[in-house]
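The following blocks contain the structures, represented as structure tokens.
Each of the two complexes below includes subunit A, the first together with subunit B, the second together with subunit C.
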Partner chain A sequence: MASATGQIGTAAAASRAPVHQYVAFAVMVLLLVAAPFAIYPIFIMKVLCFALFACAFNLLIGYVGLLSFGHAAFLGAAGYITGHAAKVWGLTPELAIVAGVATSAVLGLVVGALAIRRQGIYFAMITLALAQMLYFFCLQAPFTGGEDGIQAIPRGRLFGLIDLSDMMTLYVVVVIIFLAGFLLIYRTIHSPFGQVLKAIRENEPRAVSLGYDVDRYKLVAFVLSAALSGLAGATKVLVFQLASLTDVHWAMSGEVVLMALVGGLGTIFGPVAGAVVIISLQNYLAQLGAWVTVVQGVIFVLCVLAFRRGIMGELGRLLKRPF
Partner chain B sequence: MTELLGIPPQVLFGQVLLGLINGAFYAVLSLGLAVIFGLLNIINFAHGALYMTGAFVAWFLLSYLGLGYWWALLLSPVIVGALGMVLERTLLKRIANLDHLYGLLLTFGLALIIQGLFRNYFGSSGQPYQIPPLLAGGHNLGFMFLPNYRAWVVAASLVVCLGTWFVIERTKLGSYLRAATENPVMVQAFGIDVPRMVTLTYGFGVALAAFAGVLAAPIYQVSPQMGADLIIVVFAVVVIGGMGSILGSIVTGFGLGIVEGLTKVFYPEASSTVIFIVMAIVLLIKPAGLFGRAA
Partner chain C sequence: MAAAASPIPSAQRALEVRDLHAWYGESHVLHGMAFDVREGEVVTLLGRNGAGKTTTLKSIMGIVRQRQGEILFGGQNLVSLSSNKIARMGIALCPEERAIFASLNVRENLLLPPEVREGGMRLETIFELFPNLAERLASQGTKLSGGEQQMLAIARILRTGARFLLLDEPTEGLAPVIVQQIGRTIRRLKSEGFTIVLVEQNFRFAATVADRHFIVEHGQVVDMIPNDEIGHRQDTLHEYLGV
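Let's look at the complex of A and B:
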């Protein structure tokens, strides 16, 4: 394996991130610094949690070509464990998050190991079915609180020192978590490992014939994506102080697909843009009730028919630079 | 009264019957999915929503036109099938040459739209639908009470499934369909209108879903959510059975219904998850599915 990854290393060095992506990243960071002075911080934190979730999802569909229709399982499971750890076990926030992320990673290992046994559409159906199984488990398990969820989860003190009940402190922590997750995904995509993932996406039989253990690469990518989705879920629970069935429901799995699709599948900043658009939309359309579902459905249909590159994909095409 | 494995026989057979009914729906729905997938290479995520639409059409026919169950059983599949053909001609046709995953995403969007529209007008609560008078009541078989309507659902589903099998495997029309599944370009070259066949096939698969919806209307309440969770279970059924064989879909559907029914008797906590557990086990042992060909 070592020699195999080394072989691709040259290609990775050649595809070092171009300057415009650094500029885009700097713009994003500046916006994050300025945003809380103009916009309600809880809203931005919600967007950031979903942006991280969508980035993690996009790592699979955009760079390995695997459509997971069950990613809500990882978001929700980490949320429940983090909430339970913070409220019942009284762990500090960072340990609660670690517990949540670890849960999602293990769950990702199990779901991934089963799902990669089939390709394409079957992969999507299997992940959806296994996520639904987790949903029923969460509905029945005593510690999740069933329909009520886990409420009034304490935000606690980070490392036992920093009080997270202060809104701006929490905001800074959430921004750091988001940026760390984002950069990890960015680094993964541009690593030799990421090059192999793209090779699998482009031509799986060829990658096999070149001697790559394709299933192992897929599984590692799946676990990484699940763990990062878990990080998003765990952070979200600390922000809203609530873990509920919404986060494990199939509708949530659909939402993350929509975010990545709107922003641009296989683009680096696309899922972030998609999360901003979809969460803002939900916010403004909230009083319309079930129409939100209809609007999301319409966006799905329109994106698939006429806007398959997504926001960042189209932008990248116009500027002739990948975002 | 004697007991089997510590369970009163009425309970046991009652649950097996309920399982058979669910199995009938799994079989009809997964059959429709398999027929559509064969020719269109699309997993129809809107299948559950169209099953729900079928039930609602029956309810509309009764409430607004006074047309009863038997008319609904005939008209609802026709109406929903026509709707399906319109959807295929206007939307699905446009993405026929793209990655199959786009078909899944498009039909998922359609499912959201259909379910959202119905939820706007009917809320989440269900509308009651009466069992037709001809099938009301039931028979005492000695070891259990058999409601006539439930026996009818199982029988009607079996007839429709086997009829579909016969048409596809034993008639000229079916041979065109199978040929087009194998190689659409070649069949087109022989002068058969493949695009029209694709439209009709989608319409037929969707009509099967609507038929199941009408059958389900008197048993479950007619509600906007009735297809949403069902379709995920049907996906698991499709993964277990594989989509290669029509008889395979039918056997898997009914079989898993019975497994689910038995689980309700012996370990009720797992009844909503047992099909997914079976799916996981099948994936470990025979990844291509029980009746599937290796991809």
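Let's look at the complex of A and C:
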């Protein structure tokens, strides 16, 4: 049995050390270091916020098989609370972000507890319906500023010390937040908890009959995804100094589906690539106006028809290594 | 039917199924299934395709939810419990389709099951039973041969620590040498005190491992044959199974 035990060790090492993923991560970090010297930092920060949002969404659809069509609620709610906390309560940015993330997590707990009882299209519709309720709440509630949103949100001083009004400082903070969120998701999907999530995605009845309370696992994944979406929303509000209805609108929930799909569902780097493509299209084709939506629609159809694995899924297939 | 209701002292019964009915939608599949299993015993459910053998296992496990009647295990009626709670009581099902998790490798499939009871089988012991698995640890579950998938499916439920096993056609479509290996495994598990309900179409295999055979027809147990009487009851087998 010594050889068998040795083989367990080898297999464990092999599954723990996907070198190509470490290389891809290093390349991503290097690009993030170099990018602000070549590209407008606000644009990169926008991409990073949406990339984190898409990664959080992908945790749910890619690794648990749950298609939420109301994820904008978590992005937007955290944004409003962070904006309000920073502007009205005068909290420091990190506390405002914590308040936003906590709100999204609690909201995720409520929405998740109601939605995970159903599967497939019913799950998607419940999440959409609850997100729409939140949209109308945000439209009517006095503290959200209605159509105007919350404007001129102060970036403040991180921990009361670091002035975030300096663009490069803010950039570094956003990069750290993004990487922390990304690594948390990476760690989650490679943990025993993540293996159970994958098992649920593949064959839920089998996971149940092995003794797993799958609803609890789904709920934890849902809350984690909601909290990370909230982190993305809270960070975005500090970058743009604006919390608006756009972030809680159902179209935002659709956009994150598109990002995850274009990048590759169930891949680690896919949502980041998807966010880069979609946000770049929106920015660089902005002069086309409403036609951007048409271009996005064409990309969506092409994705579904021609390369369903998405950018990173196809790349992984070509190189025979998962990204 | 009378033969099925054997007078076993309740203390020795591991499981007792009484008047069990089950439905798939509007289709009534089990019509008053009744049998019992003693501690440490291997019993088989024999019958033709569509007789209700697999449905019986799935009803015990709670996978078929539309069910009525009594499934008594450890003094509790399982009919009111969900599948994961039944698993937590120490019952495990190895399904006919094996249901290996495709995105996980062999090692991950083996490490996935929760230990519902103390005494989940150690990996070293698993590899003694199934040496092939030790050589395929890093392989994706679906890249295994049919026999290896079956071994992995059985190994996976042994990891949970469950002592009451439901095996659904473990020899289906497998080479004779693998069937022998699975037979050896079942006999070893029996010698270690596991209680096993085996669904089989391969009567010759069943006769080598089981203590008693329940004949299932139209969703009911219609006869029970102790394994040592099997030689005298060929006519019954021929009548119900065509063997």
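Keep in mind that, in the parts below, the second predicted complex is superposed on the first by the 308 of 323 C-alpha atoms of A that agree within 3 Å, B and C clash if a C-alpha of one lies under 4 Å from a C-alpha of the other, contacts with A are read in each partner's own complex, and residues count from 1 in each chain.
The rule is short, and it goes like this: a residue touches a chain if its C-beta (ideal position, glycine included) is under 8 Å from a C-beta of that chain, and two chains touch if they have at least 3 such contacts.
Since this is a predicted model, take the numbers as computed values, not measurements.
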> Of the two partner chains, subunit B (first) and subunit C (second), which one does A:Ser225 touch, if any: first, second, both, or neither?
Replying inline: neither
> Who does A:Ala290 touch here: subunit B (first), subunit C (second), both, or neither?
Replying inline: first
>> Comparing subunit B against subunit C, which has contacts with more of the residues in subunit A?
In response: B
> Looking at the overlay, what does A:Thr267 touch: subunit B (first), subunit C (second), both, or neither?
Replying inline: neither
> In the superposed arrangement, which partner chain does A:Leu128 touch: subunit B (first), subunit C (second), both, or neither?
Replying inline: first
> Touching A:Ser68 in the superposition: subunit B (first), subunit C (second), both, neither?
Replying inline: neither
>> Once chain A of both complexes is superposed, is A:Ser244 in touch with subunit B (first), subunit C (second), both, or neither?
In response: neither
> Between subunit B (first) and subunit C (second), which does A:Phe136 come into contact with in this model arrangement: first, second, both, or neither?
Replying inline: first
>> If we count contacts the way the header does, which residues on subunit A are in touch with subunit B in the complex?
In response: 67, 69, 114, 117-122, 124-126, 128-130, 132-133, 136-137, 140, 250, 254, 257, 261, 289-294, 296-301, 303-305, 308
> Can you list the residues on subunit B that touch subunit A in the complex?
Replying inline: 37, 43, 91, 94-95, 98, 100-102, 104-106, 108-117, 119-120, 228-229, 232-233, 235-236, 238-239, 269, 272-273, 276-277, 279-280, 283-284, 287-288, 295
> Quick one: in the complex, what on subunit A touches subunit C?
Replying inline: 1, 3-5, 7-8, 10-12, 14-15, 192, 195-196, 198-199, 201-203, 205-206, 208-214
>> Show me the residue ranges of subunit C that touch subunit A in the complex, using the header's touch definition.
In response: 61-63, 82-84, 86-88, 92-93, 95, 99, 101-108, 111-114, 116, 123-124, 127-128, 131, 134-135, 137-138, 156-157, 160
